[in-house]
Amino acid sequence: MSTKNIIFTVLLLFVPISLAAHFLEWGDLVVFITAALAILPLAAWMGTATEEIAVVVGPILGGFLNATFGNATELIIALVALNAGLIDVVKASITGSIIGNLLLVMGLSMLLGGIRYKEQTFESVVARVNASSMNLAVIAILLPTAMNYTSIGISETTVQNLSLAVAIVLILVYGLTLLFSMKTHAYLYEVGVVDTEEEEEVSHEKPNIWLWSGVLLACTLLVALESELLVDALEVATSKLGLSALFTGVILVPIIGNAAEHATAVTVAMKNKMDLALSVAVGSSMQIALFVAPVLVIAGWVVGQPMDLDFNPFELVAVAVSVLIANSISSDGKSNWLEGTLLLAAYTVLGFAFYFHPVANSIG
Amino acid sequence: MSTKNIIFTVLLLFVPISLAAHFLEWGDLVVFITAALAILPLAAWMGTATEEIAVVVGPILGGFLNATFGNATELIIALVALNAGLIDVVKASITGSIIGNLLLVMGLSMLLGGIRYKEQTFESVVARVNASSMNLAVIAILLPTAMNYTSIGISETTVQNLSLAVAIVLILVYGLTLLFSMKTHAYLYEVGVVDTEEEEEVSHEKPNIWLWSGVLLACTLLVALESELLVDALEVATSKLGLSALFTGVILVPIIGNAAEHATAVTVAMKNKMDLALSVAVGSSMQIALFVAPVLVIAGWVVGQPMDLDFNPFELVAVAVSVLIANSISSDGKSNWLEGTLLLAAYTVLGFAFYFHPVANSIG
Amino acid sequence: MSTKNIIFTVLLLFVPISLAAHFLEWGDLVVFITAALAILPLAAWMGTATEEIAVVVGPILGGFLNATFGNATELIIALVALNAGLIDVVKASITGSIIGNLLLVMGLSMLLGGIRYKEQTFESVVARVNASSMNLAVIAILLPTAMNYTSIGISETTVQNLSLAVAIVLILVYGLTLLFSMKTHAYLYEVGVVDTEEEEEVSHEKPNIWLWSGVLLACTLLVALESELLVDALEVATSKLGLSALFTGVILVPIIGNAAEHATAVTVAMKNKMDLALSVAVGSSMQIALFVAPVLVIAGWVVGQPMDLDFNPFELVAVAVSVLIANSISSDGKSNWLEGTLLLAAYTVLGFAFYFHPVANSIG
């Protein structure tokens, strides 16, 4: 059992601890922290279960499962927060996830990989297609904000309608990217699959689909439960820490929701598989923008919460900046520790900006 | 005779029909639609006539003719609209042409070409030089907007002066790009010329210059006439359809003015000549920004219409976004159907945004 | 002795002339112009002295000296202006230096190099790492402006705190880029060093370190003295010329401060060493953003001048535009005279915009 697996198993202890903290009323801050720590291993086990099931059901259905459950943790936390009316936090967590994947996950991968290897390369066509899809998706989800910010007196309904229209286009595009990667251009993606399977074969025989489906179901339910605890305690806990809803949504929530991606990306980067590490970071950003954000808009519309794609203008700046830096650093297909540091520095500077951002005017 | 030629000959019937609609007062909507349909074949015949004349007069003068008449249709429609005082529509049609070429023309080419061919390539130096010129030109025409938007209390005269200065610089740069492509670096452009000539030789002997000059003159005059009908009917027709001046200018007018480019680009893309298809799309955007826009500013100044380069801020966002996506997708020199779809999705999303954009505050 | 050296020696005459102009009270305009002309040769001799010392003390310490004294002229002028309370000019000169290096220096190099050579290439890894570092640094110093511009009611203290935090992160990153270029990836930078040494060996034996240290010290002191004269006369002189503080800071001051880089970059470009020419232009922009700007923020905090990184929003646009064009033109690793012209056209257009920019609302 690897160190990573041991850590994730031990962290499972926070599931009962967080429940105890909630029912024995140990305070919102304790509940918030323990629930966050409990979500980390659950997200990791969801990922493992999805991969195991994917091996059995074959590449087409497996790819679909992976794509759908890849950001399940973020989606569940966001849906629970949306239902609780914390729309500011939900919106901020969308942009925060994109920024976090592009700067923090990619940066840590390049830094830790780059300390071991002088220069790392990643040149696959897949990376480029992912980057283009991500660019489109990110731009699309920011359009309503740009429209609202550059005009005076746009009604809430207009923004809501435009957001819904954008959401529907993005979900269609998401379906087409799945068609592309699983059907018409599946051969481009095969290298990665073989790679993963190789490792799987070392560790075991054909996985038991019933066992892993049970694990997946259990983890999903527990993530939903822990998200309830997290969201309930969020407002009191973060205001005790002196943090604004904007900072919580942009920085804190995505770190909890993306921890599994962080672990995966860094691990493979340190094995010099930068292609896979970047694929995780960029692919996750793409899925947030193409799938999670539109689903949340539609869910908000269904449950009657006014969830739209009108972000804080500074979030627009932050996402644009993150995309530009990530593109600039990854476009040459090579990386080293300094490039990783530059991404982390950009994340730090943005973190400062969100920390100093005045709350009163920050979320509109 | 190809299917395309048959369609364009049949569409010529809309020239007399639109005249009838105008004089027999069949209503503005009918005039608008029939005049638009009449312009399509005229623009195509102007293109054919220019190419035939270019074969006779040689590459230098021919290249100059091609460059000047390449966007003649858009220029004529815009001049007629400018003279009629529809400055909002003229301005919007400039940004709309750039967006349409980069997203709609390039997107359709990549999609329809990509359905036939798994992967298409385009790697010429010309593409890169064009892209750089276009980037500069697009940024330059947007500077007055950016200046106005980021400051308070800039006088109309200042914006007008800056627009004139920018227009003069751009026309000088346009002259230098012609010098570059026809004289100092003409060899880079030769491959494309040979390609075209090859096809010409199949169809006929040396073209009759007097015949084609007559065709070119007749078509130019008819386009001007139809533009008058189109512009006269425009305001009533579009408001009947519930469309704002902004949407009409950004989406409708450029589709009419650029139809010839659409047909050419898609046709060559389906013959796997992506280099040429992209050259048409990017080159046309470049000419709009380097030649058409400056000519309109100077023409407005001459005829006493306050035409400047102060666009709606959201147009600035839309053009910036289009340039970024087009650069991101074309920078790897390869395309597939998904990349075409992404460009079309971006165009769709922008179209929604312009449709939902509130009219009252949109044009300043 | 080369033409360049003769010119720079003759220009030294302006040191006594400017002093005479100051003490004999020939008027602020004369003092301003003669002090500016006196700074040019002093900056050049500082550069020469630094390089000579670098040869003796070895690559590590020499590289550090080069990095520190590379933008010493700009830094000294800015520190003197900061001390005199001309904060608007200091801030504008930071963005102006970045714009000037990316558009004017790079543009002149590509144009004059491109007139001699049909196509020039530059493809080193160093160029890419520099470009990425510059992108990050430029974005970071513009973040406080972006935050202030996109929110309402941000306090001066918040902007000041964020500026200080950003400055500290940037100086740390600057240290890491030195570690990268001198230690962990020094081999990437060796080609350039050998190149320079070759030329040195032609002209002389081992340089006299005491002589050159004396020259460096004398020039530094004289630059400081001339900067005092320049800054004292600046406000009266430029207002006589009808120029705003913004235009003076963005266009005039950087041309004086960067003249040495201009001369070097153009000279090597005309010898077909585009790699080195671009390295100077991009490297200088990077140092302004990573080192000069943070030092000024911290210096302002120490001397009690409210120096922060809250620029005029149009400066933000201008810098963003310059970075985009420079990236777009240099990303293919090739250049020709047209690309140089495009950069110069962009600089001209921005110059017009800053000239027309209304003063009253320009600096906040």
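For clarity, chains are labelled A, B and C in written order, and residue numbers in each chain start from 1.
Here is the rule we use: a contact is a pair of C-beta atoms (placed from the backbone, for glycine too) under 8 Å apart; a residue touches a chain by one contact, two chains touch by 3 or more.
Everything quoted here is computed from the prediction, not taken from an experiment.
Taking shared numbers over all numbers used, the chain A to chain C interface scores under half, which places it in the different class.
Superposition of chain A on chain B using C-alpha atoms only gives a rotation of 120 degrees, nearest 5. If you average the CA atoms of chain A and of chain C, the two centres end up 40 Å from each other.
Along chain A, residues 331 each make contact with two or more other chains. Residue ranges of chain C in contact with chain B, taken from their complex: 118, 149, 312-314, 316-317, 321, 324-325, 328-329, 331-332, 334, 336-339, 341-343, 345-346, 348-350, 352-353, 356-358, 360-362.
Residues 125, 128-129, 131-133, 135-136, 139-140, 143-144, 146-147, 150-155, 158, 161-162, 165-166, 169-170, 172-173, 176-177, 180, 184-185, 327, 331 of chain C are the ones that touch chain A when the two sit in their complex.
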